[in-house]
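Order of writing sets the chain letters: A, B, C, D, E and F. Residues in each chain are counted from 1.
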Amino acid sequence: YELTVVDGIKVGRVNGLAVVGQDSGQVLPIMAEATPTQGATGTIVATGLLKEIAQESITNVSAIVKKFTGRDIRNMDVHIQFIGTYSGVEGDSASVSVATAVISAIEGIPVRQDVAMTGSLSVRGNVLPIGGATYKIEAAAKAGIKTVIIPHSNLDDVLIEERYKDMVEIIPVSTIEEVLDVALVPERKEAFMEKIRNLARMTPAEFLEKVSGTSGKKVPGA
Amino acid sequence: YELTVVDGIKVGRVNGLAVVGQDSGQVLPIMAEATPTQGATGTIVATGLLKEIAQESITNVSAIVKKFTGRDIRNMDVHIQFIGTYSGVEGDSASVSVATAVISAIEGIPVRQDVAMTGSLSVRGNVLPIGGATYKIEAAAKAGIKTVIIPHSNLDDVLIEERYKDMVEIIPVSTIEEVLDVALVPERKEAFMEKIRNLARMTPAEFLEKVSGTSGKKVPGA
Amino acid sequence: YELTVVDGIKVGRVNGLAVVGQDSGQVLPIMAEATPTQGATGTIVATGLLKEIAQESITNVSAIVKKFTGRDIRNMDVHIQFIGTYSGVEGDSASVSVATAVISAIEGIPVRQDVAMTGSLSVRGNVLPIGGATYKIEAAAKAGIKTVIIPHSNLDDVLIEERYKDMVEIIPVSTIEEVLDVALVPERKEAFMEKIRNLARMTPAEFLEKVSGTSGKKVPGA
Amino acid sequence: YELTVVDGIKVGRVNGLAVVGQDSGQVLPIMAEATPTQGATGTIVATGLLKEIAQESITNVSAIVKKFTGRDIRNMDVHIQFIGTYSGVEGDSASVSVATAVISAIEGIPVRQDVAMTGSLSVRGNVLPIGGATYKIEAAAKAGIKTVIIPHSNLDDVLIEERYKDMVEIIPVSTIEEVLDVALVPERKEAFMEKIRNLARMTPAEFLEKVSGTSGKKVPGA
Amino acid sequence: YELTVVDGIKVGRVNGLAVVGQDSGQVLPIMAEATPTQGATGTIVATGLLKEIAQESITNVSAIVKKFTGRDIRNMDVHIQFIGTYSGVEGDSASVSVATAVISAIEGIPVRQDVAMTGSLSVRGNVLPIGGATYKIEAAAKAGIKTVIIPHSNLDDVLIEERYKDMVEIIPVSTIEEVLDVALVPERKEAFMEKIRNLARMTPAEFLEKVSGTSGKKVPGA
Amino acid sequence: YELTVVDGIKVGRVNGLAVVGQDSGQVLPIMAEATPTQGATGTIVATGLLKEIAQESITNVSAIVKKFTGRDIRNMDVHIQFIGTYSGVEGDSASVSVATAVISAIEGIPVRQDVAMTGSLSVRGNVLPIGGATYKIEAAAKAGIKTVIIPHSNLDDVLIEERYKDMVEIIPVSTIEEVLDVALVPERKEAFMEKIRNLARMTPAEFLEKVSGTSGKKVPGA
C-alpha cells in the first residue's frame, strides 16, 4: 500500500490538503469506515492526534453526515483516520475531506483519487474559507492531483505559480453538495444528487418522521 | 459563501454580536442544525472554542429550546457552531442568538439576516443585561445590519454616535418570545407566536403529559 | 427585565442571599426551570460557575427535590441558574433557595418575591446553619425585601442595626417544609402542605411502590 | 435544627466520630436519604468534600448496602452527606456510620442517637481497625453520647481517661450485623436481625435468583 | 476481626503477597464480594488506591472472571478491596489473588486461608512471572502460611533461607485453573474443576450462544 | 508459562515486534480474549500502558474487528493485553498484531507462533508502513521466529545482516486479509478466507441489513 494515491477511485478515501510549516502544503489522505456498532448506539471517532479545533470540526462534520446519508445511523460506528499525522492535526480545513470520506464509506460510493480538496464546513453544509490555499494547490499539483476543490470565498487568495496553472483545475465550491458532486462517483449520478438535494431541504421534523414515524411529533394542542 | 450576510432570510443562522478587545464590536454569525440522533438519546453540542461561561450559557439555552420547540427532541442532536471564533468565545451574551438559531433550525423557520442581536438568557426565558451594548450596535450598523435587538435593561447604556442613529433601529426586549417575534419569519406568524406563548405558560407536568401521557404523573394519594 | 425583583410572585424564581467580600451581603436571584428531558433520563444541572461545595449542595438539594415533588421526574431535566455570578459561587448557603426555586418550577407554584432566604440543607430536609446571617439580612432590607428566612440555629448570630429592625421580618426555620410554607403561594395552601408532609413521612420503599408498583420490592423470603 | 443530637432516635442519621488535628476527636454527624432515581438507574453519591480514601470507602459501603437491604435498589438514588465537613473528609473510618445511615434510610428504621460509632468496613461486612480510637471515644463522651461502637481489633488501643470511663459504654464489634444490632431500633428486632443474617449467608447467584429469577443463571451444560 | 488470617477457609478472601520497600515481603489480604447491581449493568470496581498498572490488572482479571464464572454477570456488581493499602498498590502481581477472590465470591466457594499466592495473569488465564518471589515466600512463611502459589516461570528466582524451607510448600503454576485447583474448596471438587476446564475451552461465540441464544450469531451468508 | 513462544499454534496470542531504544528490536507478545459482556454493550479495552498513538491504534483496529468478524459483537467485551510492557507502548506498529490476536480470539482460530509481524493499519484494512523494520526482523530471527510479516511499503527499508537472511522468511503484505492468510490456521482455510473477502466487500448498509434486518435502512422517499 502506497501512502500517495492520485488516480483511480476508492471508497472511503479522500485526498485532503494540509499546510506544513509556514509556506508549504502537503497531500493528507483521510480514510473512513463505517461498521456495525459494538455499543448500544453509534459513535463517530477520529484518530490522528487531532487538536482542539480539529476535534471540534469532526463534531461539525457529524451534523452533515447525520443529515446527508439519509439513513438511520444509530447502529453504525463511524471511524475516521488521518493517515500519518504523528505530530498532530490542527485546524478545521479538512472538514470537507472528512465529510466526503465518511459519506463515501457509509454509502459505498467511490471517491475520485485524482481530486484533492480543502475547506471548512458549517453545520448546515456551507463551505467556509481556509488558510494556505495557494500552498495547498501547489502541493496537490506537485503530487500529481488533477483537480483541487477549494472554498469559493478563497478564490481571491489563489496566486499559484505559472507552471502549476495547467497542471490542476481549481473548482470553487460553496456547499457540501457541490463537493460531493465533483468528488463522488456513484453508479447513478443523477439519482444520488437528487437524493442529496432532497435531504438538504428537509426540516429535522420531516426527517425524523420519515426515519421513525414516531419522533419529533408536535405536542398536541400546542 | 460569504461570512457576512446582512440581508434576506436563512434557516438556522443568526447574526450575533461580540465585543472585541476593549472598545469595539463585531458581527458574530452563529449557525445551528438539528439532525436525527446517532446515539440513543439527543445531545446539544456547541463548537467554536467556548470558554466556561459560554459553555454554561449553552446549557441555559438548552432549557429554553427544550421548552419552546414544543416537540419531543429525544431523537434529535442539536449542533451549534460559532463561526470563525478560532481564539475562543467568552461570556453569555450570545445566548439569545443561540436560542434563536436553534429554534429556527428545529422548526425550519427562517431568521431575518438584517437583524443582529445580543442578550443573555435566564432558564425561564428572561433576557438579561450584557456588556458592550454601544460597541455592538455600532459594529452592526457598520456591517449593514438594519435592526439590533438588545436587552431592555441595557437601554440606558446605549450612547451611540450620531451618524449610526439613522442606520439602525434598536429594539429592546425582555423575553425570548419578543426576540423570536422580531427575528423569525414563520409562514403563519400569528399561529406561531400563539404556540410559543402557550408553551411558555405550560407547567412541566402539563408539558410531559402532552408529550408522553405517562410521565410526571402525581404519586397516587400523595 | 430587572435583576432586582422584591414584590409580587414568580414561578421558579427565588431571592437568595450571599455574602460579598468580608462584611456585606447581597440579594442573589436564583432561577429554575424543568423541561422534558432530551436524554434518556432526567438530569439536574446548575450554572453560574459553582465551586466545589456549591456544586455538592446541588447534589444534596436534588435529594430533596426527588423526594418532595412527589412525581416521577425521570423524564424531566431540571435547570438551575445563579443569576449574574460571573466570579463564581462558593458555599452551600443557597441550598434552601435552590430547593424552593426547583420545587416551584416543577409544580408551577409561584414564589413570593418579597421574601429572601438563606440556609444550608441536609439530604433529609433539615435547615442547617450558614455564615454571615446579619450581613445577609441587612442586604435584604436595603433591597426592599420584607421577609427573610434564616436557619433557626443562626438566630443567636443576628445582630442587625436598629434601623433595619422594622424593615424586615425574620423567620427562623428548621425544615424545608417550613421554608415552602412561608415562600410558596399555591392555589390551595392546605392541600399542598398536607401533600408535602405526607411525602416527608414516606419511606423510600413506600414511595417507589407508589410511583411504579414494581420497584424496591422485598426479596421474597428474605 | 441543632448540629449535635445525642438522644432519641432518627431515621437516616448517625453520629460518626472523626479525629481532628493530632490529638482530639469530634462527633461527626452523617445523614442519608434514598429517593426514587431521576436517572435510568440508581446511584450512590456522597457529599462533604471526601478525599480519595474516603471516596473509596463509599464504594466499599455500597457493596454492603446492595447486599444487606435485600431490595432491588435499581430505582433508588442513595444520598450520603457528611455534615459540616467544609475542610474535607479523610480516611475510611466512617464506613460503619455511612452503612448504618444508609440502611436506616432505605428501610425507614430509626437509629439511636445516643450511640456514636467508628470503624472501617470490608466489602464482606467485616469491621476493620481504625486510628484515634481513644480520642474519638473521649469526644463522644464529652458530647453526651452514652454508647460508642468500635472495631474489636481496636480494643487494645483504648486508653481513655478515668473520668470518661463511667460516661460511655464501649461496644467492640467484628461485623456490620453487630453494628446494626446495637444501633438500629426496628419495630420487630428479631425479624429484622433474622433477615440481615439470611442476607449475609446468601451467595450472589441465590440473591439474583430471588430478586429477578432470570439473572446469574448458570450456563446450561457448563 | 484480625487482619491476619492464616487458617481455615473463607469465601471471597485471599492472602495475596506484596513486596514492601526494597527487600521484604508482606501478606496482603484481598477481599471480594458480588452483589446485585444498582445500575443498569454490572461493574467491576477495586479499592485500595490502585496505581496505573494495578488498575489495568483489574481489567485483565475481569476478562478471566467473565469467562470462568460461566454465568451471565450483567446483573452483578463485583467489589474488590485491597485491605489496608493506604499508601497505594503498585504492579500486577496480585492478579491471581484478585481473580481467585472474585470467583470465590461469585460462586460462594471458600478459599483456603493457609494458602498465599502471587502471580500476574494474561487475559487468557496464563500465570505470568512477578518480582520479589523470594521475599514474598519468606513473608508468607513468617506469617504462618503453609502453602505459597507462585508462577512456574519464577521457580528459578526462588532462593529462600534454609529455615523457611520446611515451613512452606511452594506450588508453581502456569494457569488460573491450577491456582483455583489448589486454593478453592468447593463441595464437589471434580465437578467444579470439570466446569472450569469446559469454560476454558469454549470460544466466545459458543459461550454467547449458551448464555443468550441470540448473540454472536454469524451473519447469514457471510 | 514462558514469555517467549516461537512454535506451535495458540488462540488469541500473536508475536508482535517492537523497537527498543535506538537500534534494536524485540518480540512483543500480544494476547486477546473475548468474553460475554458484563455491561449493557460491548467494549474494547487494551492494557499495557498504551500511550496516545498506541491507544488510537486500538480504536482503528476496532473498526477492522467489527467488520471482519462478521458477527454481532454487541454482547462481547474484547480484552487486549500487551505482555510485559511495564514502561509503556508507543506508536501504532502493533496494529496488525492486535487485529490478528482479536480475530483469532473471537473466532477461536489458532495463530502460528513461528510467525511474527509488524504493521500499522488503516480503518479500511490497508497495511501502512512502520519504523525499524530491519531491527524488528533481526530480533525475530534471533528469537527463533521463522516468518516475519512486514508492510509491503517497508520492503525497501529492509537491510538485514547476511547471517539472518536464511533464518527468516520475510512476507510483505498490503492488507489485513493477507496477514490473516499467513498467520491464522483455521480448520477450513478456503472457507475462512472466502468469508473474510466477502466481509471486506460489503458496504455498511449491506452488513447492517444482514446482522439485524432493521438498521441502516434508507429513508423512504429520500
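One rule holds in what follows: contacts are C-beta pairs under 8 Å (C-beta built on N, C-alpha and C of every residue); 3 or more make two chains touch, one makes a residue touch a chain.
All values derive from a computational prediction rather than experimental measurement.
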item: Shared chain contacts [chain C and chain F, defined touch]; value: none
item: Chains touching both chain D and chain F, listed by label; value: E
item: Copies chain A and chain F - rotation angle from C-alpha fit, nearest 5 degrees; value: 60
item: Interchain centroid distance [CA atoms averaged], chain B/chain C, Å; value: 29
item: Separation of chain A from chain E, taking each centre as the mean of its C-alpha atoms, in whole Å; value: 49
item: Numbers and ranges of chain E residues touching at least 2 other chains; value: 40, 72-74, 76, 207, 211
item: Arrangement of touching chains [line / ring / star / complete / other]; value: ring
item: Chain E to chain F touching residues, read off their complex; value: 40-44, 52-53, 56-57, 59-60, 62-63, 66-67, 72-74, 76, 122-124, 126-129, 151-153, 174-175, 203-208, 211-212, 215-222
item: Footprint of chain B on chain C - complex, ascending; value: 1-3, 11-13, 31-40, 45, 47-49, 70-77, 79-81, 83-84, 86, 105-108, 195, 198-199, 202, 207, 210-211
